[in-house]
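What follows is a pair of complexes built around subunit A, which joins subunit B in one and subunit C in the other.
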Partner chain A sequence: MHTCKVPPLPKLRLYRINTGSCNGCDVELAATEAITRFGLDRLGLSFTADPTQADLVLITGPLTVSSREKVLAEYAEVPDPKITVLIGVCPISGGAFRDSYAVVAPLDEFVPVDLNIPGCPPRPQAIVAGIAKAVQLWRGGEHPPVSPGPEEGSLTENLRGRMRYRAEACVGCRICQHVCAGGAIRFDEEEAGLGFTLWHNSCLFCGMCSHYCPTGALAPTREWDLAHRQAEKYRQVEKGVVPRIPCSACGVPMLPVVPELMKKGYRALSAETARLQTLCSECRQVRSLEGVKRCTT
Partner chain B sequence: MHDVEATVARVLEGVLGAQRGEPAWRRDAKGGMSGWYRLGNPEEIPMVARALAGLEARLSMVSAYLVPSPQNAIGREIAYHFDLDGSTLTLTLELPLEGARVPSLTQVYRNADWQEREFRELYDIEVLGHPNPGRLFVDRSLEPALFERLIPYSTFINGANGERLWREVQAAQEEVAP
Partner chain C sequence: MSRTVITLGPRQLGLEEPMYFRVQTAGDRVAGLEVLAGQVHRGLEHLTLKRNFYQNITLLERLCSLCSNSHPSTFCTALEELAGMVVPPRAEYLRAVADEIKRIASHLFNCAVVAHIVGEHALFRRVMELRETVQQTKEAIYGNRMDLAANCIGGVRYDLDAGRVGYLKSQLEGLKAPLEELYRVFADDPALAAATVGVGVLTREQAQAFGVVGPVARAAGIDYDVREKSPYGAYDRLSFQVAVQAAGDVRARALVRLVEARQAVSLIEQCLDQLPEGPVALMSFPEIPAGEVIAKSEAPRGELIYYLRTDGTDLPVRLKWRVPSYPNWAALGEMLKGEPVSRIPLIVNSIDPCISCTDR
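Entry: the complex of A and B
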C-alpha cells in the first residue's frame, strides 16, 4: 500500500544581534527561549550562532555609534531573503535613548525591517507572538497564524502593557508629557480642541503617566501583544481630543473641568460646584468672590 | 542681628568695602540661616574665600550653570556654597558666555580641586591657576564644555526628544484620517 507523507516544514533558524542594549530585552529573550511554557519551541524554530545559516534576525538595543559598523557587517552576513524583527522600542525608535549623541536611531534607517515588537522590554509572550507573526511572513502568509497564545496564569499581576487614554477625563495639565521618560506623549492645539497622542513605539510601559495623572485619564490595559508590520510603525498610537467648550458666562473657549477633578477639589458635587464646571478660570474667581461677599455681608 | 549675619557683613565689608551692601538672609522654619550675595567680578572670589576660611567656613559645593531664557542661555553663573557652622552662604558670580575665566580656589580650599575640574569639563569656563588641571571624569578624547554641546540626561528624560520621528507619526495619522 502506498502512503503519502507530507514532509515537515524545515526549521527556521533565528540569529540574535544586540546593538548595545541595556540587556533588558535580551533577558526576556533568554527567558522566552529557555522556558518551554512560552511556546517558542512549538513554532518550529531553532537558534543559530552562525549568521550565514539564519533565516530570521532578531535585533535588540539602540544602534550605538560604537557598534554601528560591526552590527551592519554582521547583519550583512545573514543571507537574503531574511525576515528582520526588532525587539523593544530601542531599535524601533531609540526609546529612552533617542537623540543621544551615542545612539544612531532608529535602526530602520540602516537595515530593512519587517516586524516590530515594542515594549521596554516586551514580555516573553509578546516576543513569541511577534516571532510567530514573523514566521507567518516568512512562509508567505500561506499558513494560518501559529501564535500559541499565553497559557493561563502566565502573565504577572502587575503587568501594565499598552496605555489607554480617555479624553473625557483629561484636564490637559500635561503632567503625563512631562514625566514620560520615552518622550512618547505629545499635546497639540487642534481645531477641535487639545489633541493627545501617545506613540506606542516610544512608550517604555513605565506607567509614570498613569501614576501622575490626577484624574485617571491614562490607565494601563494589560494588553501586551503590540507586534506589527513595519508599514504600521508610525500608526501605533493612542489618540484623543479634549474639545473646548465656551465659558457659560463670558463665552471664551475653555477646556472642560471634568467631574474627576471636581471630586478631587470639592469631594462631593453640589448644584453650586456643578455651576463652576462650566466657567472659565476668571469667571470662576468672580463667582467665588461673589460668594465670599454674600457670606461676609 | 544674628551673629552669622554680623560676622559675614564685617568680613565682606573688610574685603570689598562698605558700599557693596550685605547678603540677603533667610531663616527657615527650623531656624537655619541662608545668605545670598552676588559678587562683582571674578577677582573678588579668592579674596572673599580667604576671608571666609579665616572664619573656619567650609566650602561645601560649587555649582556652575547656564542662565536660561525660553530660547537660549543668556549668561552663565557660578554659585559657591559655604557652610558657616550650620548656616549657608552662597556667593554668586556672573560670567560672560564667551571667554569666561575664574581664579582657582584650590589653594584656599583643597576640595575646590574636583569641583573646578568638573565645571571646566562641563562648561566653557577657564580656571586660572589650578594646580592640577587634568581631566576629572570625562574621557580625554572629548572636547570640554560638554553641557553646552550635548543634551543633559535630566533634560533628555523630560521628553525633550527631537521632532523628526514625531513628524512621521503625524504624517501617518493624516494618511489614516479621511
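Entry: the complex of A and C
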C-alpha cells in the first residue's frame, strides 16, 4: 500500500472584500478563480463566502466613506491570525481616487496589511504570484512559492508593466507629471540636479506619461510581478536625477539638451546645432539672433 | 400571509460589487424593493473637476472597468466636439474596435454570472474560458486585460500593423463557433429555459415608462441602439442589425447580449477590412475653448450620456453622466414584483447592473 509520509498541507481559504472598486480587480479575481490554468488550485487555495472560515483576506478598491463601517466589520469577522493582501493600487494608495471627500484610502491606515499587489488591475498571473507570496508568509517561509504556471497563448509584447525612466533622455518638461492621473510622478530640485520619482503603488499603468513624453525618457516595461511585503511599500519607486551642466557661454547651470529633443527641434543637425546644444536658453537666444543679423545684413 | 422586510447584500445577491436592497416580502414573494445605493461612491464628479483633461481620460476609464473604453472615448468625443476637431478616419475605426472588443468581454462576463446563479457551473466555466480569449486579445493588443488606454484627445493611442490585424482576425475567428453554440445553449437548453423563461419580465410598456436602455430595453422589444439611431465615429460606415427580443425576461436579455457579442465580432472584422490609412491621432495638446457639449454612445449596458462644460482652461467646470444602469435598476422593482425571493439574485444580475458607474 502506498503511504504518504508528508501529510498534505491544509487547504487555505481566501475571502474577498470589495471596498468600492471600479470592479476591474474583482472581475480579474473572478477570472483567476474560474480559470484553472492560472494555478490557484496548485497553491492549495480555495475561496470561501464565509469570513469566519478564512485565512487570507483579499481586498480590492479604494475604501469609500460609505462602505467603511461595513468593510471594517466584515474584516473583523475573519479570525486572527490572518494574512491581508491588497489587490490593485486603490487599497494601497487610493490610486486614481486619491484626494476625494468620499474616499478614505489607503487601507493600511485602518487594518494591518501584509502584502501589496500593485496594478490597475494586476493581471491574473500577477494576482496568483502575489497570493503565492502571501501563502509563503502564512506558512512561515518553509515552503517555496509555487510558480503561477505557464502563460498559455498570451502575448506580452505590449504589456504595460512597471514604468522605466531614463534620466539621460529627460529634458525636465514635466508633461508626464501633468498627465499622470495617479499623482505618481514627482520632480524635486536636488543638489545634483532635477530629481524624478515615480511611485509604482500609485501608478495606474495607463502609459499616458510615456505617450506624451517628447523624448522617450519614460516607457512601460513588461515587468508585471510587482507584489511586495508591506514594509517595502514606499520603496517601490523609479528614481533618477538629471544632472545640471554649466552653459558653455555664461556658466549658468542648465539641464542638458538631449539629442532626442535636438532631432525634434532642427531639420538637420550640424556643428552649429551642436554648439547651440551646449548653451542655456538665454545664450541660445543671443546666439540665434546673431545668426539672424548675419543673414539680414 | 406574513409580510417582512429583509436586507440583501452583495453576498446574497451574487454581485461582484457592493449593492444592497431592502426587500418587502409577502410570503416568499417580493412585494416591494428599495435600492440602498452609494457604497461605491468615490466622489467622481468632484474628482474630475480637480483633474485636467488628460488626467481625466485615465480617471474616467476607471469610473467602471467593464465599460472602461466607453467612458474615455465618449469624453474625448465631447472634447473634440468643443475644439472643433475632426478625428482622423483611422482613429474612428480603431475606437470602434476597442469599444466592440470590450462589449464582447462585458456581455460574456454577464452570461457567465447568469449561468453561475442558475447553478450551471460547467457552463459558467465554459463562458469564462471563452472570455479568456477576449482578455488575452486585449492584453496582447492594448497591454492590459481591462483598461485599454486606447483613447487620447484627437484620436487613439494605438495602431494595428498587418501582424496585429492578422492576430486579431484569427482570435475573432476562434470566437465565432463558440458564440453561436452559446446562443443555442441559452436559447434551447431545457434546464436554462426553466430557470430563465418568463422570469423577471419587463413589458414593452413598462420598459418605455422607465426609459430603460441597452440590452434591457432591446429584450423588451424596444428597437433602440445609439450606434444605429445616432451613429458616432465609424458606426455610420458599419452594418449591423439592432438585436431585439420580445419576451422581456431573463432569457431575452441574455440572448440580446449573445447576439450583440456575435455582432461585435462582425463589427470588428468590418473595421479591419475597411481600416483606412492615415494618422491615428491629431496634434497632442489642442486648445479646448469655453463651451458646453453633450456626447453619447452605446456602452455595453446601453446609452451613455456625457455632459461637459469648459471655461477655456484645461480643467472641466462641470462633468456629468447619465449612465445606463441608472434607469435600468429603477425598473428592477417591476421585474421583481411577485417573483419568489430566491430569484432576486438572478433577476438583479439579468440587468447587468454597473454599480461603480451608477454610484461613482
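The criterion applied here is as follows: the second predicted complex is superposed on the first by the 283 of 297 C-alpha atoms of A that agree within 3 Å, B and C clash if a C-alpha of one lies under 4 Å from a C-alpha of the other, contacts with A are read in each partner's own complex, and residues count from 1 in each chain.
Everything that follows uses one rule, which is that a contact is a pair of C-beta atoms (placed from the backbone, for glycine too) under 8 Å apart; a residue touches a chain by one contact, two chains touch by 3 or more.
Because the structure is a prediction, the values reported are computed rather than measured.
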Partner with the higher number of touched subunit A residues, subunit C or subunit B: C
Partner chain(s) touched by A:I185 [first = subunit B, second = subunit C, both, neither]: first
Which superposed partner A:Y101 touches (first subunit B, second subunit C, both, neither): both
Partner chain in contact with A:M208 - subunit B first, subunit C second, else both or neither: second
Contacts of A:E109 with subunit B and subunit C, given as first, second, both or neither: neither
Partner chain(s) touched by A:S93 [first = subunit B, second = subunit C, both, neither]: first
Touched partner set for A:E157, first subunit B, second subunit C, both or neither: second
Touched partner set for A:T197, first subunit B, second subunit C, both or neither: first
Residues of subunit A at both interfaces, subunit B in one complex, subunit C in the other: 96, 99-101, 178-182
Contact set on subunit A toward subunit C in their complex: 18, 20-24, 26-28, 30-31, 34-35, 49, 61-62, 64-67, 70, 95-97, 99-103, 120-121, 123-124, 153-160, 178-182, 204-208, 211-212, 220
Contacting residues of subunit C [partner subunit A, same complex]: 10-11, 16-18, 38-44, 46-47, 50-52, 54-59, 61-66, 68, 109, 112, 124-125, 128-129, 131-132, 135-136, 139-147, 149, 152, 157, 167, 284, 354-356, 359
Complex contacts: residues of subunit A adjacent to subunit B: 93-94, 96, 98-101, 106, 177-186, 197, 199, 202, 233-235, 237, 239
Subunit B to subunit A touching residues, read off their complex: 150-151, 156-162, 165-166, 168-173, 176
